[in-house]
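Below: a set of structures, written as structure tokens.
One chain, chain A, links the two complexes that follow: it is found with chain B in the first and with chain C in the second.
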Partner chain A sequence: MCNKVDVVHVPDGFLDVPTSVATGALAAGTVALALRKARTELDDLTAPLAGLTAAFVFAGQMINFPVAAGTSGHLIGAVLTAVLVGPWTAVLCMTAVLLVQAVLFADGGLTALGTNVTLMALLAVVVGYGVFRGLAAVLPRTRTGVLTAAGVAAFLSVPAAALTFVGLFALGGAVDLPLGTVASAMTGVHLLIGLGEAAITVTIIGAVLAVRPDLVHGARGLGSAAVLEDRRPATVEVPR
Partner chain B sequence: MGAGHGASLTARYLPGGTAVHRLEPHTKLVAVLAFAVVVVLTPVQAPWAPAAYAGYLLAVLTVAAVAGVGPARLLRGLVVEVPFVAFAVLLPFVARGPEVQVLGLSVSQSGLAAGGGLLAKATLSILAATVLAATTEPRALLRGLERLRLPQVLVQILMFMIRYADVVGGELHRMRVARESRGFTGGGLRGLRVLGATAGALFVRSYERGERVHLAMVSRGYTGSLPGSPAAPVAPGSWALALSLPLAAAAVLLTGMLLG
Partner chain C sequence: MTRRGRTLWIVGVTVALVVAGVVSWYASSSPDGLEWAAERAGFAHTAEDSAAAGSPLADYLWNGEENRLSAGAAGIVGVLVTLGLAGGVTWLVRRRGVPGQG
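Coming up: the complex of A and B.
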């Protein structure tokens, strides 16, 4: 559990006030837009379904997945949620999760809430879902195609959020840092985290596609659930 | 458990009847946010910055003492900061500018102030937020957010999330018990597949539960908004009491700016 790779929520004091206010305004605007658009995805089911999905993301972030070489990762879930319930609802779910973490667990600063929402609820979803849609349009409309698109999107969403954070730090960070070094270090670490995120996202979407493909927003019109097959050996030896 | 916090959303709440517990939740939210803003506004490179941090710390510890939030609880709240400490410790070594000698190591002076400043600011804000979470029930916090004009739909989403987080977490726990009683130990790619299927099933169950909850609500007359009771009037003196924390911090900041 101690060799876990983790994505830090930006705490208070990391970015100056103007940058925090700017990202806060951006986050508030996007959430307001998402609140209207999510109704087209979910209708008046918005509140209960987005709430339960947020509870799922919150619980899902607690599962430690084995990734590689003894390390484990845990889910961030932006692309997973966007592919499962649609991008606008995903923005709301991720915002709800970040809000609860900031207010109930002091995880991520209150003044940095706008920044965290911008990075993990807005940017990760927009970049991730954009990549997913783009790839899904070119790839064949099969289970493999959807899973590949989701995997690449999940992979890219993590370093994209990390690099944006470096950019914000360049604009409103508290210290004079050699940005090239920070950017390459952050990108390196987050490429690894992105690999974990991709592996977890693909396995979860694959599992949902197998039982309830109709629940995967990003795979509409893909076909029906996998049929249960009998894989028992033809003759079973009864031990005497 | 994973992300540094336990499964239960109510785990952070310490029941009690202190003056801090009795304050209206929205006044506490505003106070903690204002305190964080004052802390963030402190210039890290100023020579009086460490004295200001000490002043803020005294203020927030006083509130914690009044609220009956013990040191153990405060320290547990700081666990979320751990991954971030590494970054702050690295700052003096990677930042540019004039260098100073500390314990035989040559480190950047501005990096040292900035690393220490970031760490102090994050710690102070987390302490204040920990006191808030320890003295306010999750549902009361939501009512506070609602009173601060958070959009209705977002409040409802948060409400459903908070109500069902323990249910979904309990489901996850039962799945783990079921897995482990069948000899699952995790690790490797097979472990990933099993856990992926677990999380997939958890999503399907959560989503279907959401559909059932929605149907149950529709059959009880739900049309998309929840009837709310009129907001209770704020007791006189509540705002003054709640805002004493950020005001004390602002006084410290002003003193530093004027004298420094």
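Coming up: the complex of A and C.
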């Protein structure tokens, strides 16, 4: 059996034309807004990191890891990217990955590109980064706190994207199927995939926090001492 | 970019190239979660070939050749194109000037 990569985003055909047009318009509007808003997150230091993060997400998505019997899953990378480089930049990075995959690698349909951007560059970022910020606000402002928030957010981002697909399928699926059938098939496997998403996200953010905590967007506001030495509360934010 | 920033960047790009160019060959070839769910729920047959299916890099293989070299080359091209696209766009929209003073 050949081990060729088989990432599989939403292909053409799963959703009808009106639904695809609607997600396409939503995706285009989101990207246009992100192009304006990402400016606040990007400077000479963080822009190269954004490119690197996107390249890393592309590579990471090629690695399908086995989940339950006979199924596999792969990284989405939305929370990873949003925590590393900021949510607006994450929209741009995730869209770049999905565009390259759809156009060059025929992974994810071309008419389904708007759907894939809506699910992975918009929904997963909004839900994931929202959960991250919510948890980070209540957890201790330490390295462990940031990683816990990122892990939970990454985990939840996967079933959130999967259930959004179920919702889109209910609105404009190619065939009429009971909502429950699609939802139950999608949910279980994507909860398992979410565990992998959380593990990869925590590992990579942990590695970057270890060497360059100042470059992690979602860890801003942590005093560098608190990042390096856990347990010590962040008291001073050093201006740069 | 500072020297440490550059080191992180070079290490990161190298890891991405190795993951896409080498490790990807060993990825699971079991059906992906969406594919599996589509089979199970009964809508997998509605998938259509992408208009990009004729791309020389379709299915993450160089010209469709199913071997390690072809898959590795496709992965490396993907990393470099993504790096160029995302890096280029974010570089163009960034705040100009000294970091931290924008």
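Quick note on the criterion: the second predicted complex is superposed on the first by the 191 of 240 C-alpha atoms of A that agree within 3 Å, B and C clash if a C-alpha of one lies under 4 Å from a C-alpha of the other, contacts with A are read in each partner's own complex, and residues count from 1 in each chain.
What we mean here is this: a contact is a pair of C-beta atoms (placed from the backbone, for glycine too) under 8 Å apart; a residue touches a chain by one contact, two chains touch by 3 or more.
Owing to the predicted nature of the structure, the values given are computational and were not obtained by experimental measurement.
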First (chain B), second (chain C), both or neither touched by A:200: first
Partner chain(s) touched by A:147 [first = chain B, second = chain C, both, neither]: neither
Partner chain in contact with A:169 - chain B first, chain C second, else both or neither: second
Touching partner for A:160 - first (chain B), second (chain C), both, neither: neither
Which of chain B and chain C A:121 touches, first, second, both or neither: neither
Touched partner set for A:84, first chain B, second chain C, both or neither: first
Chain B versus chain C as contact partner of A:60, first or second or both or neither: both
Which superposed partner A:17 touches (first chain B, second chain C, both, neither): first
Touched partner set for A:136, first chain B, second chain C, both or neither: neither
Overlap of chain C and chain B interfaces on chain A (superposed complexes): 4, 6, 8-9, 11-14, 35, 38, 44-56, 58-60, 62-67, 74, 85, 92-93, 96-97, 99-110, 174-175, 177, 181-182, 208, 211-212, 215
Chain B residues touching chain A - in the complex, by the definition given at the top: 1-5, 7, 9, 12, 29, 32-33, 36-37, 39-41, 44, 77, 80-81, 83-84, 87, 91, 94-97, 110-111, 114-115, 117-118, 120-122, 124-126, 129-130, 132-133, 138, 141, 145, 151, 153-154, 156-165, 167-169, 171-172, 186-189, 191-193, 195-204, 206-207, 209-211, 213-214, 217, 222-224
Of all residues in chain A, those that touch chain B in their complex: 4, 6, 8-9, 11-14, 16-17, 20, 31-32, 35, 38, 44-56, 58-67, 74-75, 84-85, 92-93, 95-97, 99-111, 174-178, 181-182, 199-200, 202-208, 210-212, 215
Residues of chain C that touch chain A when the two form their complex: 1-2, 4-5, 8-9, 12-13, 15-17, 19-20, 23-38, 40-43, 46-53, 55, 57-61, 66, 71, 74-75, 77-91, 93-100, 102
Complex contact set, residues of chain A against chain C: 1-14, 35-36, 38-40, 42-60, 62-67, 70-74, 85, 89, 92-93, 96-97, 99-110, 162, 165, 169, 173-175, 177, 181-182, 185-186, 189-190, 192-193, 208, 211-212, 215, 240
